[in-house]
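Below you'll find the structure, written out as structure tokens, and then a few comments.
By letter and in written order, the chains are A, B, C, D, E and F; residue numbering begins at 1 in each of them.
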């Protein structure tokens, strides 16, 4: 497939149709697991893996599935993949597995996974679907990471705490203490902080978009909004 | 391993039966939505939305083939209404035609040769008159779609924008809250 | 009896599925633009959730048992998907309007984290059948309540002079945040 | 009617087909990872234990050398729990017991203690608690070393009357504004020591058959 | 004394009535010209029936009612019609409308007129006379009184005569009652007779003791048994028809319901007076009492000819230098008049010359803080703060749900609002938007109907054409057959085809000429003609108007 | 083109808010009398922060600054927040709280009049959840266990966190009466034993009861000047009294008297100044009653069974969430439609 298409797919996933900021899908893990950068990245990557595989797997079989059991079959496939991932983590990343807890099986119900399966994979060839899955996954991961990082810094004053759970004891020293002897603005790492943080991120994206628009509008003459003329 | 297989098979068979049955039992035909959408459209029948009239556009929207922001006469108002009706996000006008101020067609009786061409063009039968007779337009029926302008061989039809008068005058939205920062 | 009451109070208020447990957010965000819609969605979810927590209990106890535990997620989600699909067809038939509004969100009930999350939590806390049902029902009611109240606030905010970049999703998120802040007040009510 | 039956059956079979494949894959993964998982969990357990009993102080298969403890008020437990016995060269080295402090600020606090044969605390850790973050949670080793204050203490060091927070005239520190949590912990630890005094011999009695391979503890 | 009822809310703005009640009603002198709007009433604009240059007599009808809900307009004095064109009129929009300009000849020569014996005349006839005399509600609603006197075969209990005059500054009804109580009561009795009401209740606010005394005296003198003058507490807007009806009878007339349907009807005292003059003396409504007050040398009441230009009226009371604009009506509900060129109409009960000192421009509006002072004073039990919120955000559906329609625009809410929000303007804005939408909706439905009918018609024509083609084939076949049958049959075959040709021609004719005219109902056909006539006229006028004076927008 | 009416009552938002500020004075006076001048410091800090944040947000939102900065609402928010957190708290605490309240919970929603949540209470909730430790150190009133800090000492503690040598934090601060009550009950003491502790006075906490009284006096002023309607305070205090009374009668050893609940914590200031925030409370009479009753119930539940010593703030916020629905479903019947069921 052409490079431009690939570009388009990734632009979609990472910015234009970003799951976390625009589509507002896959919010639960995004908000629940983003209380530290490490958790965020880990779950993000797990999700990305699942999305890539599931979209890739659903695309080829889409034509053989009768409509009325479309969704059950899709979730079935996703569920299988997720459970596999779950067991692998359980076996080889126990610490992380415990931290992410219920949210690993919940990747199954992460809206964005099925949403992509439904809206993209069920209409496109396998490769493109897989890429789309990955792009969306990465989009989610990015937001997760940013949110996680910000919340961790504000809330605990650290960054990458608990990295040892993911990469083993040796990495304990990697933890960065951004603000030494910091009181800890607990709100940030509690549920309210998650919502507010995401709200601010979305606002930030809107701001960038608006600025971009303003630029283009200055460049070429503005088009009048519909309705101006109608209201005499 | 085997038991696992049996369990899942049992489960899926049960489901399959339920769903397969439901799929037939609860089949729905026709789409009541079209009427609802059509009711929102302005019925100017001007075709600027790229569909031959409002109903077809309504059908296109209901099928999801067409976007909700293509009807100029409907204006922003209309798009908002559609967005609400369909539970989707509002999006600014997307068509190419620009909305015009409301107007009605007016036939200059002196020039009209009674060719009946405009009569055949008018989607709402707002033009009356028979062959070889001078035609007139019932202003109250005219939707201002301008479809009668092109066919007229002697260009005797003009569009009068409806000027503001005491009947159609409207109160303005009071602008409050000083917007510009004064400090 | 009091035990059951506590489960209901706990799930509806103290551990509200959306505000505290942070589950089921996508529909919470997506279908709360209008009061009526959120009510419809809440009803549908309640139905599905109660049903599926019952079903999942039966599955995990009579079909799976301890040694097939690794099938839990799979079997649950398949069952849920089935129930949802069924509900969808029924609604589509019985009330096209509701179907129109719930639109894309009905199939998404399947992916409403709460719908899988609650059964899983049920297993974790090994609730008995009644408890599972109540837990599911309570959770759904909590979900509906939160969503309806949220919808109320969003409708009122429509006219407000919100800064442009915060209009829509952003301010909605922040509102949800402040709501969950308020819900923290219930902390410790049911230990 | 026939049509319905047929299509229904078709769907069923169709779904079943996918189910079979899925299940197969899962079953495979499960059997592949099963042992790995078992061992990781045990490893975790040992890691935890090693925090309160240095590995060099025992040489037995500690996870197999267990005693079943019935529920007991002193332990704050409402269901049977398990004690792991550490031995060095067949000689008792420590008993590792899981207990519950019931009077936390917001619910139960689960503790694990290691007690040397001489009734001296080898170490205490908090397994799980719901105390207020930033206030009551300094009992957690991750937040502060307060919990280490128990190391080496025994009922000989201080009489039972001394096992209180300073605010109540005892020996243990507490953060101003959060004495409920430490109160609860201190109380439970001292009770466990009393329990140990009563059951010392049963605990350290040589294990005949390895009671069970079932592991309790902080496994989800 | 009967027990009075109360209504929710209300406010007590300082009344400022003393200024204009010191002197009795004074006759305004004949102005240099009279600009008489043809649209002074609720309903359709009346149609001019005089020509430019024509001489008219005092009381001569110059505009005839148009349709049921309309009224007549008369020449207020004798003179010549100098123009029939678009002139600025007293209206919120500040836009021009069709007016008849009259140059008085100073003789004030009456057209021959005579009253009727009201006891001997049928009710229908009397109503017709009211309509001919252009009697409309002078309390502010200018609703054609003939319609209001039609009880619609309901059993009427009470006729309420509205002498409340609750608005600050206005005193025209007060003086009318002091000086002409007799005729008011006769008029009231007449209206009661028309409505077949059992009793007449006259409500007057207790800040007009003289008026109350005068009216009570008149009642006792004339000895009306079923008539009662009631003194009601001063509370704005007790003069609102619904509020007054509530106060006097305890009945609440819901929005959209005619008060007659609940057995009561409400008329203003001036209306009653003019009704009597019209029927008993045959005098149409040519003048009315107008309070001229505010920023003038001596505030007082004048009897003014309809059509008198504002400037000339103000001049009589002595114009002050710093007068910047005029308010027609009271300060609570009045209209803001940009210039003094407009003329007084039947609705003009008061002219307040205003100066920046007298009515300072409103302070900048702040956001609503939901303090609900507005809700506390709303006589319609509405939630003004919600209505405001919806109107502000163009959420008209919700505004209607919250009963915007019941708002009587009394302005009490805006009067008390600490945030100085122009609430009433928001409500008027929302109302006019809603009205426009409903109009558009109707138009759209009509268009849909007609469009669908047209589709159907075209369909039918198609099928007919198809049939005709089929017919042709068959004919051809038949022809062939007959040909083989032999020459003998030949000519009658020809004969046949000829006949058919004729047939076809006939059919063709039948279907081609008619086109869509068949779609038209009878009155539509009728409409075409006059619709066009009118539009043609309006265009001419519009053109001329546009030429000589652009409406100054404020 | 002006629309009628052309006259209006002389009244303005800033004037209303000013009156509310004045009504707070008695309470503040008692506060200073019993707990020393520290409160004045936090009031000042809060006011400055509030005004600065307000101006900043207005500038960012590109709105006129003068009319809004002078409407006194920011000040009111600041004062109410300052009055609900410990006066001895470190200076940055009140600053963070006020800034958050004004910026996030007020201006992100469109500023004055548009905020669904009570800004001051949002500020309080954020603080107690983020910094519970400093939020539980309240000054011990004078005349309780001798020690009392000089103004200088208080000042230095607020800004540098150092106490005069020889004084521990525990010596000069205490948990609030409600908090102590909770702690001691937790330890198994009975109400009567607890009430004998020195920090308690006639009605409730020594000193704090008088402060509450002061707020009640101010509240009366608001009632008589018609700035607030009777519904909210009356129903709130009434319901609180009823519930507390019920529990007290049925088990006096574990549940304190209704009066104790009235005069401790934020009950009084809440009833008259916080619940009554016009912007964030229902507009209909029926709605106000539901709102107040609900708030009272929640307050009691959280105080007695919940995880926080005082429930006022969270009760307010939780009821704020319900306001839009309450308003919608308690619309009064309009003129003429009273008879007909709507």
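In this text, a contact is a pair of C-beta atoms (placed from the backbone, for glycine too) under 8 Å apart; a residue touches a chain by one contact, two chains touch by 3 or more.
These numbers were taken from a predicted model, which means no experiment stands behind them.
Undergrad: Does D-F or A-F have the larger number of C-beta pairs in contact?
TA: Between the two chain pairs, D-F has more contacting C-beta pairs.
Undergrad: Could you find the chain whose CA centre sits the greatest distance from that of chain D?
TA: Farthest by centroid: E.
Undergrad: From the mean C-alpha coordinate of chain B to that of chain E, what's the distance rounded to whole Å?
TA: 35
Undergrad: Please compute the C-alpha centroid of chain D, do the same for chain E, then give the distance between them in whole Å.
TA: A distance of 86 Å separates the two centres.
Undergrad: So how far apart, in whole Å, are chain E and chain F when each is placed at the average of its C-alpha atoms?
TA: 54
Undergrad: For chain F, what residues touch not just one other chain but two or more?
TA: In chain F, the residues touching two or more other chains are 1, 3, 67, 104, 110-111, 114, 126, 129-131, 307.
Undergrad: Two or more other chains in contact with one residue: find those residues in chain D.
TA: In chain D, the residues touching two or more other chains are 10-11, 14-15, 18-19, 22-23, 26-27, 30, 106, 134, 220.
Undergrad: Do you know which chain E residues sit against two or more other chains?
TA: 92, 364, 366-367, 392, 422, 425, 428, in rising order.
Undergrad: Touching chain D in the complex: which residues of chain C?
TA: 70-71, 74, 78, 124, 187-188, 191
Undergrad: In the complex of these two chains, what residues of chain D are touching chain A?
TA: Spelled out, the residues of chain D in touch with chain A are 10-11, 14-15, 18-19, 22, 25-26, 29-30, 33, 36-37, 40-41, 43-44, 133-134, 220.
Undergrad: For chain C, which residues count as touching chain A in their complex?
TA: It is residues 19-20, 22-26, 29-30, 70, 72-74, 77-78, 80-82, 84-85, 89, 107-108, 110-113, 115-117, 120-121, 124, 163-167, 169-174, 176-178, 180-181, 184 of chain C that touch chain A.
Undergrad: Contact residues on chain F for chain C in the complex?
TA: That would be residues 60-61, 104-105, 107-111, 114, 116-117, 122, 125-126, 129, 298, 301-302, 305-308, 311, 313-315, 317-318, 320-325, 328 of chain F.
Undergrad: With touch defined as at the start, can you tell me which chain E residues reach chain F in the complex?
TA: Those residues of chain E that touch chain F are 7-8, 11, 13, 92, 94, 168, 242, 246, 252-255, 257, 327, 329, 331-336, 354, 359, 361-364, 366-373, 375, 379-383, 385-386, 402-403, 406, 409, 411, 414-420, 422, 424-425, 428, 553-554.
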